Amino acid sequence: MTTSSTRGLLQATGLCLAFGGVKAVEDFSFDAKPGEIVGIIGPNGAGKTTVFNLITGVYAPDKGSVVLDGIELTGWRQDAIARQGIGRTFQNIRLFKGLNVLENVMTASDPYAPYNFFSAILALPAKRAADRQAAQKAREYLDLVGLAGMEDARPESLPYGLQRKLELARALAIQPKVILLDEPAAGLNPSEVREFIDLVRRLHERFNFTIVFIEHRMEVVMNLSHKLFVLSFGKLLASGEPEAVRRNPEVIEAYIGEEE
Amino acid sequence: MDYIYSILTLTGITMIGVMGTYMVTGLTGQFSFGQAAFMAVGGYVSAMLTLKFGLPFPLVALVGSAAAMLTGLLVGMPTVRLRRDYISLVTFGFGEAIISVLNNSAQLTGGAEGLVGIPKRVDLPLVIVSVVCCLFLVACYKNSKYGRQCLALRTDELAARSMGIDVNRMKLVTFLFASAITGYAGVLYAFYSQYLEPGYYNWTVSAEWLIIVFVGGINSLTGAMVSAVILTSLPELLRFASAWRILIYCIIVLLIINFRPNGIFGDWEISRLWKKRKPVQGGLP
Amino acid sequence: MLQNIFFGLSLGAVYSLVAVGFALVFNILKFSNFSHGGVMSFTAYAGYLAYIWIFDGRISGSVMFLAVVLTAAVAGAITAVGIERVGFRRLRRNQAPVIYYFISSITLGILLENIITIFASSNFYSYPVFFSSKNIEILGMSFSVADFVTLLFSAAALAILLFVLYRTKLGLAVRTVSFDVNTASLMGIDADRVVMATFAMSGALGGISGVFLGMNYSLYPQLGQLVVKGFIASVIGGLGNITGAVIGALLLGIVEVALIGMVGSGWMPACVFVIMLVFLLVRPRGIAGVIVQEKA
């Protein structure tokens, strides 16, 4: 990356959001530099997913701003933000059940596919070529996460671990500058978790994108993240190097208080 | 023979109408209760142009479909961004509104007595060719980037948006295409039956189309077409009274919803028969 | 003028019964229950059958009216519970997507309508004249007795409903379930029973509105399609909100009567459609509703 490494690629400043009277997120700021892997942790209900929803435009913040690569995205529509280069996965996997595995990944390039309505309904050569290319690319992403050979399967028929990988491949396929992973290791068994950590490392080395992830598993958090932000009751509790954060008494307090 | 001929023709026209419903419901997951109204627009516009100005059939067929599409734009623009429940309401209201307009502009449309004297321009061969052409267009649409984005947003709008899919635009484009196709079905009907009356287009027709799509399986165009043929022609051949026919439809639908929620065909498409043999080639048709 | 407003209010009162019956089910299962229309036609006929088979010749006038309304309400409650059993119970067990409920409800509505068509063969029947005097004079203006009774009865029915919802244990359970079915069942509420009770209440309201509609328009199998008025009213009021539904329905009644005066009954549906479209554009969540946000 050529962008100056001191400036954040993704910068959220002073995010606030209340549902009715409940403050879900209060004055939360964080930033991620190009190529950085940032973890967001915190007890259940601390507002982590809400932060993702604010960044990706599912909710508009009451206050605060989100800037990606110098462009302010606050108040943009969700799909426009995605096209600007923020990909994401979901805590409770959300695949497209009406489409097969390959098509799930192809949806990433569909918003840009270079053919018009008439080429589509007449299956003109332009459309065929573009779709073939898109399928080829999608297959590469499936290869990367280890789903080669399963193109025709129905996503809901895959085992849980593979569904997570498919969702990851789908998010990668939009070629994001920043990828947000919401509890990517939830529901995986210990060997799958290790495999997952390796996979993320490999992908990160290859694409060198910025990763922001929410996670409860300390193994994943300590292994992957360069920087940690701790959320508690919608507020920033601590941030910094993973080791330092782990020893922070306030953080320990917040976690023990939750009796996890 | 004439009887069979007319059943086949009407079945063909119904198939085209069902294609429109399939797109709106099967692809984008919306329920249109006013789909038959687009048929009315197509039929009335083309018939009136012929009767008043003597324009040739191919031209009025085109204008009729285009008029249906324009009406679709009017209804679709404000509604695509609303909750799905609202879309059924708006399309329903639209259907009623169209019928009330047709009934109340008697000097133009013949009002409740109907529009008579439309020349016969449609016969079975033309309907068959039309079915094949429309089916080709719709199948290609389903297999294109449009179809994929629609199916994505049908299962999960939020996830679809997170992939950069412009959900509202996709819904609108599909809605317009469906309106045009349905309008064309209306043109065919007008120039086949030579007589139009507003009462023919009420919401039960739209509901019947929905049921047909549902019985076939909302994920399968093949299923929709097969069930259109069976559910339209069989009761006619067996000469059921229409109330009994609908009664039987309803019972079938209830059974399917409860015991086979994906419809008879699930997501099976006939194109898989020849897709299977070749190694996968870019997921193209 | 005042007479017209009054007429509109009484029409709106009937719509409000429809809309509230509609909103009750929406509240709990979050789908637009079109089978409600089927319940309305069905009960209107049930009331009529009770009149010719049982009550005719034994009672008359307002006693007859009460008997017919009560029969219809009970029939409505039973039909609605049956509908829930056939159409929605299994879907809830399978956690089916909302569109299935929707299709199921439409199908049931059409089914009921066609059962009636088969047995009543689309003939028109009408209720007897329940009230001997047609009009009453107040302050020099005459109001129709039937309108007056409609208004009074609808208000009473809604009052009873509100009492049940906000002052009884059952009502509390209903409100809890409408907040979140899963949590409610975790807390030990028998969701099946509550859903059944809700359908019964909604069906009873449907029955009463069926009789009023039958009095206004005579009986025909498609009577239940007037459920759309209830739908429009609850959209204007905000889906699932009961107060909103009532306000929306009264507004709709007044607007319809006004429109009939201005453009005639033929053009009225087209005008109502345009008004509704504009309303949805300006305020999609309805008068009182809140936007239902998908969970991420």
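Per-chain numbering from 1; labels A, B and C assigned in written order.
Convention: contacts are C-beta pairs under 8 Å (C-beta built on N, C-alpha and C of every residue); 3 or more make two chains touch, one makes a residue touch a chain.
Quantities reported herein were computed from a predicted structural model and do not represent experimental measurements.
Here B is the chain whose Cα centre lies closest to the centre of all protein Cα atoms.
Chain centres here are C-alpha means, and the one lying farthest from subunit C is A.
In terms of their C-alpha centroids, the spacing between subunit A and subunit C amounts to 46 Å.
Mean C-alpha positions place subunit A and subunit B at a centre distance of 39 Å.
Centre-to-centre spacing of subunit B and subunit C amounts to 30 Å, using the average Cα coordinate of each chain. Looking at subunit C, residues 296 sit in touch with two or more other chains.
Under the contact definition stated at the top, the residues of subunit A that touch 2 or more other chains are 58, 90. Multi-chain contact residues of subunit B (touching two or more other chains) are listed as 158. Listing the residues of subunit C that touch subunit B in their complex gives 31-32, 86-87, 90-91, 94, 96, 98-100, 102-104, 106-108, 110-111, 114-115, 117-118, 225, 228, 231-232, 235, 239, 264, 266-270, 272-274, 276-277, 280-281, 284, 292, 294, 296.
Across the complex, subunit B is touched by residues 56-58, 77-80, 82-83, 87-88, 90, 94-100, 102-104, 106-108, 110-111, 113, 115, 117, 120-123, 127-128, 130-132, 134-136, 151-152, 154, 170, 174 of subunit A. Against subunit C, in their complex, subunit B makes its touches with residues 29, 31, 78-79, 81-86, 88-90, 92-94, 96-97, 99-101, 103-104, 157-158, 203-204, 207, 210-211, 214, 241, 243-244, 246-247, 249-251, 253-254, 257-258, 261. Considering their complex, residues 137-138, 140-141, 143-146, 148-149, 151-152, 154-156, 158-167, 173, 177, 219, 267, 280-285 of subunit B touch subunit A.
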